[in-house]
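One structure is given below, represented as structure tokens, and several questions about it will come after.
Which chain is which? They are A, B, C, D, E and F, in the order written, and residues in each are numbered from 1.
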Amino acid sequence: MSSEDISWTVSSDYIHHLVKSGQRQDNRKMDEYRPIKLVPGYIPNAFGSALCKIGNTQVVAGVSLVVGTPYPDSPASGVLMTGCELVPMASPEFESGPPRPPAVELARVVDRGIRESHAIEFDKLCIEPKEAVWMVMLDLHVLDYDGNLFDTATLASTCAILNTVMPKYEDGQVIREKTKEKLPVVKSPVECTFVKIGDKIMVDPSLEEDKAMDARVTFATTGGEVLCAAQKGGSGAFTRQELVDTLDMTFVKSKELRKLL
Amino acid sequence: MGGVSNVPLIKDGKRLDGRKPDELRDVRIEAGVLERADGSAYLEWGSNKVLAAVYGPQEVLPKHLSDPTKAVLTYRYNMAPFSVDDRKRPGPDRRSVEISKISAEALEKVVLLEQFPNTMIKVFVEVLQAEAGTRCAALTAASVALADAGIPMRDLVVACAAGKINDTVVLDLGKSEDNFGQADVPIAIVPHTGEIVLMQMDGDLTRDEYTQALDLAVKGSMQVYELQKDALKRRYGGVVDEQ
Amino acid sequence: MSSEDISWTVSSDYIHHLVKSGQRQDNRKMDEYRPIKLVPGYIPNAFGSALCKIGNTQVVAGVSLVVGTPYPDSPASGVLMTGCELVPMASPEFESGPPRPPAVELARVVDRGIRESHAIEFDKLCIEPKEAVWMVMLDLHVLDYDGNLFDTATLASTCAILNTVMPKYEDGQVIREKTKEKLPVVKSPVECTFVKIGDKIMVDPSLEEDKAMDARVTFATTGGEVLCAAQKGGSGAFTRQELVDTLDMTFVKSKELRKLL
Amino acid sequence: MGGVSNVPLIKDGKRLDGRKPDELRDVRIEAGVLERADGSAYLEWGSNKVLAAVYGPQEVLPKHLSDPTKAVLTYRYNMAPFSVDDRKRPGPDRRSVEISKISAEALEKVVLLEQFPNTMIKVFVEVLQAEAGTRCAALTAASVALADAGIPMRDLVVACAAGKINDTVVLDLGKSEDNFGQADVPIAIVPHTGEIVLMQMDGDLTRDEYTQALDLAVKGSMQVYELQKDALKRRYGGVVDEQ
Amino acid sequence: MGGVSNVPLIKDGKRLDGRKPDELRDVRIEAGVLERADGSAYLEWGSNKVLAAVYGPQEVLPKHLSDPTKAVLTYRYNMAPFSVDDRKRPGPDRRSVEISKISAEALEKVVLLEQFPNTMIKVFVEVLQAEAGTRCAALTAASVALADAGIPMRDLVVACAAGKINDTVVLDLGKSEDNFGQADVPIAIVPHTGEIVLMQMDGDLTRDEYTQALDLAVKGSMQVYELQKDALKRRYGGVVDEQ
Amino acid sequence: MSSEDISWTVSSDYIHHLVKSGQRQDNRKMDEYRPIKLVPGYIPNAFGSALCKIGNTQVVAGVSLVVGTPYPDSPASGVLMTGCELVPMASPEFESGPPRPPAVELARVVDRGIRESHAIEFDKLCIEPKEAVWMVMLDLHVLDYDGNLFDTATLASTCAILNTVMPKYEDGQVIREKTKEKLPVVKSPVECTFVKIGDKIMVDPSLEEDKAMDARVTFATTGGEVLCAAQKGGSGAFTRQELVDTLDMTFVKSKELRKLL
């Protein structure tokens, strides 16, 4: 057990103790987000981008548009590919190299929120059926990890696709120049993440709460109180009622998040 | 999920394969099917065929992964190349990495890891034939293999999905229902407490549909739980200690 | 030296001792196979498949058919590719990750038996010369390793290609639907493996005999007493006479194996 | 470098972006911008945006890389996939491996590694937007991040390039100058001694052009050095100890 | 192997390159050709050019591979990218992994590994130019390099192939014979005992053809063995101890 | 610290001591190369090749020509790709596996010397604009590492491209047969490497000098006293004057090296 592990154990005990008495380390309410900052177009050279900060967590989402072959089972549809690097800059626990399970889970949960909400009109991204479609390459770059990556990355991603403009396409060649045409995006999916510590449940976990949590649940919603993706994590469990209650809370908090877009 | 789709999947209250909305596909479980593994189980769920094996508790390699407070549980969900129509390239893809992660977390709730500090318990599941619902089939089989290996557990874990097709919430989506349906909600529970240890969802659901789906999936899980216990009884010829 | 290594050393000494007195651990004769079970079509969804058990060793072979580009030096011939995963389920010694030397050797020896027997009529697998041919992807999945993988995997493989049916091919597209046409297979290669322990030689090694063996030899034959592939392994040696004697025995035992197909 | 090219890059003594031959692009540096890292810096250099983070001194993993006489310094230059026009595949390519190697060597000259035997100091630089000159921007930011982390150093390291366009030696090539120019000479120096700790060159240069380029790049570096010190002063609200 | 082929490879009792059926290509061996390696050998066999190097006995890394009863021998057969007509992608492919495995096993029979517990002996062979028969050339060179490194051995290992072309069993297939022939049987032997430590075969052979091929390959091996001994004598200026 | 590291420390101290008194371990002058041997066409089967020895360092360079797609930004130009394997045969420090930083740096510095000198007329390597160009695959194989890889590898490489002949190209197919047409090479880049030990600078470092060096600089030049590439390495520093002096020395020594081609 390294000294870092020990310090986390101590911190985790402290968090459990605090939570039992109904408090959070930074005095937030159980249903309160930390301050959120969203910078659309943070990478001006990219076709779409955003920086999102929730507390000290920072994620940049960037969109590249490339022409590729469609999948055989949807020959006239564009494609979304979401990648994620948990670069070692962002946390002492992250390592260089191919994505590990937490990075894969993050990319897939963000991807699912966007994909299942039908936010992007993929049928408008067909160039030539069976031959060529636009591929939306969404890359998540986590710069500073201070808890709640799912919600931060999803806000950055939705903001990035909303400000994405299409490149020129002439004579079968992509010209790397922006047009006035926007990526056809019709929904604004956001995700709300809750953690359960002991028998208390709170939204937007800080780093320490992420470490101390027994279980985690994330709901992705679009407007109109429709659930489009969900993911439970952690080695603890939720009751049926807890899942329904967190979903109800999600519909409330999502409206606040969606106002930022 | 395909969103609103015109493919008719329910007709006269029956689904394409003749099932009622709240009816499971056939499930068959056999415990103790492999020679080398410490515990194993074979499970057929509809056309799905999965095999689960457990090794351990054993030495942790590499050593620095060792935990002095409890056993480390690893889970490897793997699809055979021939298990799906389009040959799957060998090795883990992102989907199987994610399934492995959340399945390990689900089992950690019931396995008495703290009894075996500084050891490792490895769970391997091979999907030999895949036809919708393999993550639930795999986790259900893994749980039986853990029991077959004699690993102490608070309870079995059992998994089952519910979903939405043609605006109706139904149990245990089959392949075309998975392809053309509107939502899928795989869950896993601890049967004695009803606690939910795995839950994913994709598609679109209202609050009410979601609660219906949860309740239906719990109901299906409880049916599969009986089959898990039967398999262990057949294997050990007696009554399984339900603690 | 781990406790497992020590237990294998003990077991290996015991096997050597037994064999010296002309016995095998399970009372088999030196030229006797363990019970063999062969299940053709074990994976109904695959285009061809089989499960083979020899003793407690279990191997599933599955065949996928895909369209690919032929090799430049045989522009009108189909292609066979044999892959093997020694998944960690099958033995505590197997590890996840890219195939290690034993898996590579197994795949290549099985592949050679089939390829060199000219079992598959590759010239009938040409769709369009230079452009498109059928690629026969043969995947070996070892589920339980209790000795003698070579013979088990070859039996499963030959059984699988014998029951393989072709997919539909229309308008330059593969339709994933089975036809009545079978993969053109005209031979039934099988392999017989012998191990030498001390100065005794025995067929179909058990797990303990595989571990205790000084040297191993495998012969692949087709009907008509023709040898089509061979492979010696292990850090021991064979005399010329031992190789000739085991080949003679191979012709006898192969007939028995071939009856199972 | 494109060799002799007909693309006009200088007109009436001004470059395409209006700069004079010996003029730098705008450089902006901020120290201490990340929560988790022990030290960090954000730097904009023209349109380049880079972020540097430092962790350590800390335990060496894997242990056999440990050096009983001094700290091991690692440097990772990495480009975000969206930092360039043609999406960059994640992970190190050969170019970034080379840049990381020579940048680490440049920093080894100034960091007092011998004060921290058996430890590791890790420098990470992420290029978020790239537009010619990222290796100099990255190393300049890294040096500020090291100071922000409180790592003892003999001096900062500062980097800047000079190059040749339209047969003229100029400071700090921009993107089209990099694409259509004749030579590029990135260097890094230790400001107090003028020693050169990083130097690369490609294109074509006579002996005289090379010495001109060296001198101009040193001059540019000294200007950027002032901005490094300003950033640290703003962060620490006082005078930086210049030893 | 191409099966029954119409390509005429023997005419008037002579092969395409003028050799008789039982005649070897020219073989030339030189021991001690590298500075850094503990032992080395260069070997030309027809147009094949191979270089072998040996390092050890030395510390085992990673340590857990260490064997307290004997040295661990590793063998790396590698083809240079330019060694074949179609450029070979760098790094091990499945063919070279297999060749490396069976070549290591062949050498284990003669190297006195038990004299060096807890150490590692590494054999590296680089194929610089390939033209049929490289695995035999490589193993033959490796054996000389081991002797040059002073590693104690019961005997050298020497390798040679026989094959079948135009229904005739012949020694040491050349490139077109390998491409259009009917069978190939590479073997390696311990010369003093005639024991066979490596044997592979592909193509088609009757029982009699197989025994003929074995006998012919043994005969060829014994000729190459003389050249191995000559090379070592030239290197060490004396008589090689044949134990 | 392993025994090997200790022996290098001792050796390094000795080298520093020697150099301080103006001497080199093998009695060479500071500006003197070790004996150089260059064997053009060392791999007769390759389209171009050479073996270069400087002292005991040995590098083989081989050229393969393949047809590939041009880069979008130079649709009518051939392509040079330089690979390098530091195979474990050449030194106890080299390991199998993907190229590590020293191999990457070597390949890139050699590549830069050739590319930036405009030695190869890439515009003559176009087969069909946008579609097909010749790709010059230059592979460096280091066989024995006894110091100064950069200069040895560059000499081998320039010699190899100078003797490269083109393959046949008929009906859109590459025929692997040599023609009389040579690869269009119009310059002969060579590289000179210096190391600084203490305050002394010397050319062509031996292995021990490579290990003991504080800093290293390499200049690539073509004829006519033109510098085309440079690279500084090592954790030491050069003064401005030292760089200018070594460049002057480079122009002198390069003429000697170029005579060998």
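One rule holds in what follows: a contact is a pair of C-beta atoms (placed from the backbone, for glycine too) under 8 Å apart; a residue touches a chain by one contact, two chains touch by 3 or more.
The structure presented is a predicted model; accordingly, all values stated were derived computationally and were not measured.
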Mutual neighbours - chains that touch chain C and chain E alike: none
Separation of chain F from chain B in steps, with touching chains one step apart: 3
Longest centre-to-centre distance from chain D, chain (CA-based): C
Matching chain pair for A-B (criterion: over half of the contact pairs shared, by residue number), options B-C, C-E or E-F: C-E
Relative to chain E, chain with the most remote C-alpha centre: A
Euclidean distance of C-alpha centroids - chain C vs chain F, Å: 47
Separation of chain A from chain E, taking each centre as the mean of its C-alpha atoms, in whole Å: 57
Interchain centroid distance [CA atoms averaged], chain A/chain D, Å: 32
Two or more partner chains touched - positions in chain D: none
Multi-partner residues of chain F (at least 2 other chains): none
Category of the chain touch graph - line, ring, star, complete, other: ring
Sequence of chains encountered when the ring is traversed from chain B in the direction of chain C: B, C, E, F, D, A
For the chain A and chain D complex, residues of the former touching the latter: 2, 42-46, 49, 56, 58, 60, 62-64, 66, 83, 85, 87-92, 96-98, 137, 139, 141, 143-146, 176
Of chain F, residues touching chain D in the complex: 1, 99, 101-102, 104-105, 107-108, 112, 115-118, 217, 222, 225-240, 243-244, 247-248, 251
Complex contacts: residues of chain B adjacent to chain C: 34-37, 47, 49, 51, 53, 55, 58-59, 76, 78, 80-87, 90-92, 122, 124-126, 128-131
Contact footprint of chain F on chain D as seen in their complex: 1, 3, 67-68, 94-95, 97-98, 100-102, 105, 108-109, 185, 190, 193-207, 210-211, 214-215, 218
